[in-house]
Amino acid sequence: MDLVLVQIFNGIQYGFLIFLAASGLTLVFGILGVINLAHGSFYMLGAYLALSLTEATGDVFLACLLGIPLAAVFGWAIERLFIRRLYGRDHLQQVLLTFALILIFNEVQRMLWGNYPHSVPAPTWLSGSIRLTDTLAYPIYRLALTVICAALAAAMFFVIRKTGVGRLIRAGESNREMTELLGFDANRLYGLVFAAGVALAALAGMLAAPVESVYPGIGERILIISFVVVVIGGIGSLEGAFLGALAIGVADALGKVFLPDFAGVLVYALMATVLVVRPAGLFGRTIR
Amino acid sequence: MTIALATPTTSSVPTGEALLAATGVATAHGRIPCLRDVAFAVRPGETVGLLGRNGMGKTTLLRTLTGLLSGGPTASIRFRGVDLAGRRPAAIARAGIALVPEGRGIFPNLTVHENLILAARAGPSGKREWTLPRVFDLFPRLAERRANWGDQLSGGEQQMLSIGRALMTNPELLMLDEATEGLAPKVRDEIWKTLRIVAATGMAIVVVDKNLEDLFELADRHVILAKGEVVFEGPTAALTADPALVHRWLGV
Amino acid sequence: MIRLPSLPVLALLGLLLIGFAALPAFAGPYEVKFATRVLATAVFVLGLDLLIGVTGLVSFGHAAWFGLGAYAVWFVTPPDWEAANLPLALLAAVALPGVVAAVVGLFAVRTRAFYFIMVTLAASQMIFAFFHDTRVAGGSDGASIDVKPALEIAGRTVLDLSNRNALLWLAVAALALAYVFVLTLARSRFGRVLQGLKANETRMNALGFDGAKYKWASFVIAAMVAGLGGAIYASIDGFVPPEILGWRESGLAIMMVVLGGVGSLWGAILGALVYALAEEILKSSDLVGAAISDHWPIAMGVLLIAAVLGAPKGLAGWLPERRARPWSPPADAETSTAAAAPSRPPRLEVDGLRRTFGGLTAVDGVAVAFEPARIHAVIGPNGAGKTTFTNLLSGALPVSGGTIRLDGVDVTALSAPAKARRGIGRSFQRTNVLPGFTVAENCELSAQARGFAGASRAEEARAVAHALAATGLVDRADRTAASLSHGEQRQLEIAMLIASGAKLLILDEPLAGSGPEETARLTALLKDLAVDHTILIIEHDMDAVFACADTVSVLVGGRLLAHGAPDEIRRDAAVREAYLGRFAGLEDAA
Amino acid sequence: MSSSRREFLMSSGALGLAGLLGGVAPFGRAAHAAGAIKVGLLLPASGTYAPLGEAIRRGAELYVKSKGGALAGRAIEFTALDDESAPPKAAELTNKLIFGEKVDVLMGTVHSGVAAAMVKIAREAGVTTLVPNAGADAITGGLCAPNVFRTSFANGQVGEATAKAMLAGGVKEAITCTWRYAAGEEMVAGFKRVFEAGGGKVVKDIALPFPDVEFQSALAEIAAAKPQAVYSFFAGGGAAKFIKDFAGAGLKDKVQLWGPGFLTDGVEQAVGAAGDGVKTVLHYADGLTNPEDAAFRKAFQAAYGVAPDVYAVQGWDAMHVLDVGLTAVGGDVAKKDALHAAMAGASFASPRGPFAFSANRNPKQTFYLRELKGGKNVLLGVAAEGLADVGKGCKA
């Protein structure tokens, strides 16, 4: 029984992390209408930024503070250079161009950081463990990570629901033409959203670095999982992504213990089931 | 039934005075031409009725004027002395043209309040005449419904919201596509009443609508489109005086 | 429409095949294995182009079928040192992906666009996870095929795949066969429907084709073709890693399809070859310098981005296309046109027809009879329910109440394809022809829908001839629909309806966007057709309506306001009120 | 050497691709120096096993360097490809080395799956092949061939040795925890064979997909089962993370952590204090007392600035075996039968202790029990002496 509880907790922690990555993907997809296969690369970028910036600053949280603007600027530039050419093009071309970006990003990562796996230290003031049962303790950084992700999720919902930028994002998601008719430059909005999506993915990578270790191809698993989450939740739906991410996290964690051979299959089976029952995902497709 | 084909009399709109002066507008959907060399002008403070049967190009003209469609290489769209042809819709909106589109374009996932404050901005000359209280004043119904989602509104409320939202951008020219379509008679009357109030503030208005009587009461001047061309242009009196003309271009 | 390859293309393909087959004569084992892998990949990519280029389904999980084909060889290969059976291996490699795809396809074809991409991705990742995480077939280490399949006839080994040259030749033969098969399939009546679905699924459903079934069938066939490629791949080194099932391989295959040119089929072969060669070149420091070869993925990525943005038609765009085979009327066309023509146009009668959407009543108790061999116009302001009305008649929407009778037979509950087979044909507001098909091919595809009603091939051919003649498009028969003028496209729409055997033509705004001359020509055409068809048009061009219609029905707010001869309608006060509001009274005042 | 390839490409050109490709020969490479023996290295330079690949390469290069850059008078030229520890690339890369680069000797690799694919092709090609790490039992079992030599270990062999040490150390019940792939399974199978025969009880087998490094679920399961010990096989980055997460989950003081030596080799520094007390068994250890090891360690430290590990020894010994063979045939690699026979008979003093081949061309060797303390694998004693693998000799 302890095991189930611990695994549910592990699942929630993993779920929060993939929510952070998937939220960027769902925003970009919901608003820009672009299938961004390179989203995982931005997670990878975050992980490696955490590696370099933690070495420079000594603390992964300082690294995050520096890394977020860097990632956002990078995302903004990528949108200008490539993604902008994909609006309104068919999915085939979107898949291809972003697939080509993966090839490039992976190689750039190799050039800059090499092939070895690295570990990023958790901040010393969070490096201990808390005892959960008489045999099992839980690393404090993982707890902190869960709290931070929950806080970020709350902040994201606040921004989307309560701020002017959030209103504009929701408006752009439901009716691009009308937002333009009200005087908002959709291209700028799209640039902003894409930069935000990249920053979110990178932030997830940065926060995960101390628990995951940093290695080439780290973004690809998270990419596929993020797509699963987006589809389960409904394209463009943050609530959906949130529930989807938690469901996937818990299913994966429990699956690893109770169906070890089929944990990998389970996640996709969950997605297939959701699609059969609710073809548009758990939450239709508008952000409220 | 005699049919008098009135040729566009651009002379009645001296371009020097015009708030909006569009010429050579030739919009096409793919290879299908929708507008053929259309000229259209609005004077400051004037209310213009844009008429024509379905599919004759009214919506296309409004969408071209707001930059959603390209008016073709020959188009010139001068607004307050600046050529807006080829500009993006956002730039045109900021220059002071607001459109209340067919279908109303309410953001279903924003509340009434959010729909309005999203649009709030000073006009092109820096004035902020239309504010949230004033819009709520104009449409008390919206104030009651301020916390409701956009898709929880009735058609009439949506149209009020769409007009109110357009006003929040403090435009110099307000254009309404199918201003009262699909609305109950009482609601229509309210919309017309509101438009007269807005017109009285000196705002220039272009209205597309099928209710000719109300439109004739509101508008100073009318333009009729048929098959993508301007077939009539003149004051309301010219139309009321010549029912045959109305039947030729608008009737059954 | 997918054409036979042009002569230069045929020559290129022939030379390629000969070159591949002759490779062992002048190249070493590495090149032979490299070439075999390219051939295996080409078969795989060919299968994917059948989906993407012909049926228009972008699958992001096609590698699963390639991988399953490869694993199938492992499944039927005995673990001991006995010889494996080649025919059995090939059969398994085609059957296993086919069976699994048949199940996945049931779900996948119900989705569209992005969701189709995601469902296929999820399916392939599931299969990948199964092979990677469980030890069923070697797990993450991959499956090792210790003894390669061989073909034994009467105790003699005829073909042993452990001989790499034999495998190369088998691969050449497999690719040639797969190409001929896929090309023939794509050009067959079946393939024509697939292409129709790619261009316009709604249109195909309205013509009476069940799109989901065709998509499912092409999904399964494409998987089987990919499985054949997988079998060859598995035989190269006798090693099948689970990663070949994964999304990266699927992505690479899409790259190759696009690089070669979507829908050209032979482009898929070229795409696979050029991609593999490009990778080899970029990896080779002798040729491109160490600066590039050390970081070849960047160069590859840049090349691909340039290809996507710069040459969306791919390599196939650089070689000439073969022109369509000219259409020729069937020999007995002259004598039998009359026979192919409709026996008698039908009478359509609706009573109490009603349709609600949630709380809104779009069509509200309409009762009207449309007499045969007449032109009936339905008019009304925007939002009056005209399009809903036609959707109810054609079966695109189910009715909420009331009856529809065709020649006295109740057809209310029939689906759109079923109604189409009964002779109810409808066109759409936007032109809906298949742009890549010639005029004749458009009509042939429509005529094919008659097959459901038991028409023979000869009858179909006569129907095409009749439709072209009736709409005056005979001299345009070999032009692609895309190259027609707007008015001609409208004519073609009508021709397609006639070719499909429609007796009742429901035309939604056939004159929209037409200039005066085109309007005149189309109305004249409608009048001609009304001799042996019943025609229902929804139209805003009042001049044209009153010029050609025999009756006019006015819908307002979902109700039938008036129905009668044009002159009656013109004088009807209620109609005027509806169109001109209270201003209608002004005429009398004036 | 590449004239045939040029022809291949020329023919492609003739096939109409010339214009497309600029008539270039993509497969061409500069011919190697005349007289040199070409050794193809198929080793991971990226991924979780990259450090292992590097150590092997260093060990091999150091041996050749120590002999003046030549073995039996023939210069040695290395050509390396990164196998990324990715089985899908194994076949292609092996083909490239054997048939593309036309190497005389093939050496690789770390990952058992990659090695299995490599050995399959190498057997068919008959090329002299040295396996400096991958312990897949099949390489010197079902897949074994006269031209394939392993200078490391067989997976089952290490598992058996570890089980012996654990039984001797009083461990009665254990959970096994490893990656679900051939090496992991064989390490566990060998372990269980001996552990259960000796009266031990395996409570549970936990297997994670390779190369997953998210261990939380596994650790929660271990904590729930509270076994006396965990027998765990991971390596490289994964091993370091497992040891750290094991300590982070508070299991370090409650449950003994045992494993084959790969668990701690190469990650001694990375795990820090979290690794103190982890007991492992391996055919190499820090603090051996034989003179060969002392010399080897000194040279290695001097050349690369770091202490060598077991992987470096395996690379070193691989070249040593080749040296023995080449010396016997006077450097003529074409005399394959004689070369292979001489290599199979190699018996010498390795830094790890006495080295000789079993009938399957897998080393018969001593296994040591070590404990990680303060960043060093401290030698505790011998776990098994002269232990051979369970292979029964080649079929062919």
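Lettered A, B, C and D in written order, each chain numbered from 1.
We take it that a contact is a pair of C-beta atoms (placed from the backbone, for glycine too) under 8 Å apart; a residue touches a chain by one contact, two chains touch by 3 or more.
Everything numeric here is computed off the predicted structure, so don't read it as measured data.
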item	value
Result of counting contacting C-beta pairs for A-C and A-B, higher pair	A-C
Rounded Å distance between chain B and chain D, as computed from the means of their C-alpha atoms	78
Averaged-CA centre spacing for the pair chain B and chain A, given as whole angstrom	44
Inter-centroid spacing, chain C versus chain A (mean Cα positions, whole Å)	36
Inter-centroid spacing, chain C versus chain B (mean Cα positions, whole Å)	42
Shared-contact residues (touching 2 or more other chains) in chain D	209
Numbers and ranges of chain A residues touching at least 2 other chains	110, 263-264
Sequence positions of chain B contacting 2 or more other chains	none
Pairs of chains satisfying the touch condition	A-B, A-C, A-D, B-C, C-D
Footprint of chain C on chain D - complex, ascending	4-5, 7-8, 11-12, 14-17, 20-21, 24-30, 86-88, 90-92, 94-96, 98-100, 112-113, 116-117, 120-121, 124-125, 142, 179-182, 185, 209-210, 395
Chain A-facing residues of chain C, complex	52, 58, 60, 107, 110-111, 113-115, 117-119, 121-123, 125-126, 128-130, 132-135, 247-248, 251, 254-255, 258, 262, 295-298, 300-302, 304-305, 308-309, 312
Chain D residues within the chain A interface of the complex	45-48, 50-51, 82, 206-209, 213-214, 216-224, 226, 236-237, 240-241, 244-245, 248-251, 254-255, 270
Chain B partner contacts - residues on chain A that touch it in the complex	164, 167-168, 170-171, 173-175, 177-178, 180-187, 286-288
Chain C contact footprint on chain A (complex, rising order)	35, 37, 82, 85, 91-93, 95-97, 99-104, 106-108, 110-111, 220, 224, 227-228, 231, 235, 261-265, 267-269, 271-272, 275-276, 279
